[in-house]
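Both complexes shown next keep subunit A, but they swap its partner, so subunit B is in the first and subunit C is in the second.
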Partner chain A sequence: MYEGPIQDVIEELGRLPGVGPKSAQRIAFHLLNVERADAQRLADAIVAVKDRVRFCARCFNVAEAEECRICRDARRDPRVLCVVEEPRDLMAIEKTSEFRGRYHVLGGAISPIDGVGPEQLRVKELMARLGEEAVEEIVLAMSPNIEGEATASYLARTLKAMDLRVSRIASGLPVGGDLEYADEVTLGRAFAGRTEV
Partner chain B sequence: MHLESLSVVDWRSYASTDVALGPGVRVLVGPNAQGKTNLLEAVHYLATGASHRVASDAPLVRAGASAAVLRAQARVGEDARRATVEIEVRPGGRSRAQLNGQPQRRVADAVGVVRAVLFAPEDLALVRGDPSDRRRFLDGLLAQRRPAYAAARGEYERVLRQRNQLLKDARRRAGRVDATLADWTDALARAGATLLAARIAVVHALAGPTAAAYRELLAGPTGPEAADRVGLAYESSTGRRIAAEPEAGVPDPAELVEELRTALVERGDEEIERGITLVGPHRDELALAIGELPARGYASHGECWSLALALRLASREVLREVGDEPIVVLDDVFAELDVTRRARLAERCRGFEQVLISAAVDEDVPLDGVRYRVRGGTVIPLAEEVA
Partner chain C sequence: MALYREQGIVLRTTKLGETDRILNVLTQGRGKVRAVAKGVRKPGSRFGGRLEPFGHVDLQLYEGRRGLDIVNQAELITPFDAVRGDWVLSACGSTMVEAADLLAQEHERTTSLFLLLLDGLRQLATVPAQPSVVLDAYLLRLASVAGYHPSLDACAGCGRAGRHEVFHLELGGALCAACAPVGSQPLAEGVLDALAALREADWGLDAAVAPAARRLAGSLVASYLSHHLGRPLAAWELVPR
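Our next item is the complex of A and B:
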């Protein structure tokens, strides 16, 4: 046990995801050695993330204003909506610059074991948007695990009644990877979803 | 394939032991509780990534040690090339594996180079035990035959847990069903059909070799076709019973998905009432019959032994179809058989690439081969007995 503030910092850092006791100690001593201004900047950033970041009122992406940057961007195609589980997934798709529509962030995936059903996700909000906005196509971009599949299956079923194009992103082998390094499940999925050439 | 050597460190009762092996028959001889089975268990672990005796890894590591290490030098494939498999079994943490000195991403990636079929006294449960014992037998064989099967089974179990939770919630809310039940039913039917198709295929493949092996143990290799022929059937919880026929093909997976879905919907009310999934591969049965009678309940002790043994010998044939010939491991089997059946089992084992046998009494094993004396955690080859 260290004395006073250094122990406080170690304990606080140790509470963070992915930070074990050893890492917490290393970061704490690193902070002890940095300039006061640098430490202040980190402290300010942490406080600002709590004070200033909120969820976009339209798509529930993280945002600094009422609506996020993507929802405010008039160049985005309002007819296509990509539904994702988390803001991280949205960022991953944004990095590709391939998708020019807008998003809707559910805030998770359906998982009865974790007590997450459609009511815990922003499904109602999605339906409301579909009533208000001129959406013609929906892309379901859930993770290819069983919870993601169940969420996509539920949404596809619910959206069927509406006059919309609904698609699910493909799953299979990573591009640029070697076939031999793919795990059995991925390779099996890639086989099941093979396309004619 | 065969093992050229086996080393264990901090494994069960062993601190550190090396055993030089080789093709042909190898018999571990010694009194009970001296460590014979522990060595055979190590071979099984190298082949499957699990013990045949315990469900968790903790009892496998010697008291006081944090990890056990198993290492096998093997000759594999048609060209008998050298392969080294090493697994570090670490119950408290992440187990690791190496293949030819290369660390593997997962233990599962090193499992399967060593191929083995093990028969042990516990296998009597294959005939006399619960349906879960026979399901475990089929799943174990399938996992060895097709690595993707283990992953498919893991996925099925996860869907099953999720769906059961949903049913339990529905029961608590007096039958009010969550809107997503249909999606989990779909997911279960899809994941279940994958298992079902694989299991039915392997039961078809087992049928012929099992009946043949049973007949041989009973009547000898040239004996007449007995009236009490062994029959296998896969009884699905959907109500369908599929009698095993060696020539029968695999059912269409799409059809199986539909069949499972229909059965799940039919029993939906009962499922909500009981808060549990009532249809699916987790409730299926491999029915074994001798002649017209179900083996479970009707077969004599000797018949049960012969049938369990026949299932393992048939597993060898099924595995051989898709790759290297597996090692046959017979743990404490000969003592349980009468003199005639001992001779017939010995006859059957002749010509196998490698057979590893444990026995308390050397004379019980009517097979030529290298003998090892196992006593108090040491294994010494008896050179003078080399045939």
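Our next item is the complex of A and C:
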């Protein structure tokens, strides 16, 4: 146990996701050695993200205004809605330049073992949007892991009754990889989701 | 580092660092094992989709320090993909693995628990009409495997035979009028019969069991198990019934 401010910093850092006690200690001592101006910039950036960044009132992406820049962009197709778990998934899809519609960020994924069900996600907000906006198609872009599968299956069931086209992004082989090294689950999915050419 | 091989079922996974995961695996021969799967979250990892929860796997592991082993190789025996792909089945399966995770001790052989979980997942993979009944049957069997076999046909206090209508969580079963503490609430009609039917039946219940009694019996099994595990089952609450 260290004393005073250095211990405070170690404890605060240790609360961050993916930072163990050892890393917290390493970062804390690194901070002790940086210039005061660098430390100040970091502290300001942390405070600014809390003060200035909020969630878009429509899609729950991170935003600097009432609505995020995608929701405000009139060129985006309002008929297609892509549902994602987290803002960082939205950013990853944006980088592909494949999608010209709008988004809905659930703020997580269903994880029964962690006690997270549909009630804890922004599903009600999604349903409200479908009532108000002229959405014709939904793309479910969940991660292909247990939480993502549960979430996509839940939404698919819930949306089934509505007059919408619902699709889920494909999962399969990573580009640049070798087919022979693919595991049977991934290769099986790739087969099941094969497309006509 | 010693290398060993074990068959197991992946109970749960926790993210570690940027690309790794810690797995809780219920093995056939060594009880619960905690192991790191390095790089498993990277696309194109050599483990690929083989180490997801519910997967029945054949693992080769290095014995690590502080009870954390390292996965060296993984072969998939059964992925139970169908259970993961449907959210109701997934919620039932999650409750199954959560209970097994709470019950299993690290490096303490519990083959019966392993076989019960495997059996439970196989039942879910058949896409039963009432997945929650399969879950209730599993939890009831799990209580017995754990040594908390509930007494349903005789008083848990004095052993007097018969269907007694008060259920006592701590004493582990039904109590006769003489043994029941003053002011005990009797169970609703048919609940004890539903429990007995759940115990006897082969992972299902026939239509003769009233839905209300079935649901109450399910809740009773969950409370009973939670009481003895010392914690409520988080996933149980989310199972649609």
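Just so it is clear, the second predicted complex is superposed on the first by the 190 of 197 C-alpha atoms of A that agree within 3 Å, B and C clash if a C-alpha of one lies under 4 Å from a C-alpha of the other, contacts with A are read in each partner's own complex, and residues count from 1 in each chain.
The rule is short, and it goes like this: a residue touches a chain if its C-beta (ideal position, glycine included) is under 8 Å from a C-beta of that chain, and two chains touch if they have at least 3 such contacts.
Because the structure is a prediction, the values reported are computed rather than measured.
Engineer: So, on subunit A, is it clash or fit between subunit B and subunit C?
Structural biologist: By the criteria stated at the top, subunit C and subunit B clash after superposition.
Engineer: Quick check for you: in the superposed arrangement, does A:D38 touch first (subunit B), second (subunit C), both or neither?
Structural biologist: neither
Engineer: Using the touch definition from the top, say if A:D183 reaches subunit B (first), subunit C (second), both or neither.
Structural biologist: both
Engineer: Give one of first, second, both or neither to describe whether A:P174 is in contact with subunit B, with subunit C, with both, or with none.
Structural biologist: second
Engineer: May I ask you to decide whether A:I146 touches subunit B, subunit C, both, or neither, giving the answer as first, second, both or neither?
Structural biologist: both
Engineer: With the two structures laid over each other on chain A, which partner does A:E11 touch: subunit B (first), subunit C (second), both, or neither?
Structural biologist: neither
Engineer: Answer with first, second, both or neither: which of subunit B and subunit C does A:D77 touch in the superposed model?
Structural biologist: After superposition on chain A, A:D77 lies in contact with neither partner.
Engineer: In the overlay, answer first, second, both or neither for which of subunit B and subunit C A:Y154 touches.
Structural biologist: In the superposition, A:Y154 contacts both subunit B and subunit C.
Engineer: With both structures superposed, pick whichever of subunit B and subunit C touches the larger number of subunit A residues.
Structural biologist: The larger set of subunit A residues in touch belongs to C.
Engineer: In the superposed arrangement, which partner chain does A:G117 touch: subunit B (first), subunit C (second), both, or neither?
Structural biologist: In the superposition, A:G117 touches subunit B and subunit C alike.
Engineer: Given 133-141, 151-159, 187-195 or 223-231, which part of subunit C has C-alpha atoms clashing with subunit B after the fit on chain A?
Structural biologist: Superposition on chain A puts subunit B right on top of 133-141.
Engineer: Under the contact rule defined above, give the subunit A residues that sit at the interface with subunit B and also at the interface with subunit C.
Structural biologist: In subunit A, positions 110-113, 117, 146, 149-150, 153-154, 157, 183-185, 188 sit in both the subunit B and subunit C interfaces.
Engineer: In their shared complex, at which residues does subunit A touch subunit C?
Structural biologist: Its residues touching subunit C are 18, 110-115, 117, 144-146, 149-151, 153-154, 157, 174, 176-177, 181-186, 188-189.
Engineer: Quick one: which bits of subunit A touch subunit B in the complex? Just the residue numbers, please.
Structural biologist: Within the complex, subunit A touches subunit B at residues 110-113, 117-118, 146-147, 149-150, 153-154, 157-158, 183-185, 187-188.
Engineer: Show me the residue ranges of subunit B that touch subunit A in the complex, using the header's touch definition.
Structural biologist: Answer in residue numbers: 147-148, 150-152, 155, 158-159, 161-163, 165-166, 169, 178-180, 182-184, 186-187, 191.
Engineer: Across the complex, what residues on subunit C touch subunit A?
Structural biologist: Counting only subunit C, the residues touching subunit A are 12-13, 15-18, 43-44, 46-50, 52-54, 76, 79, 81, 84-87, 90-91, 94-95, 97-98, 234-235, 237-239.
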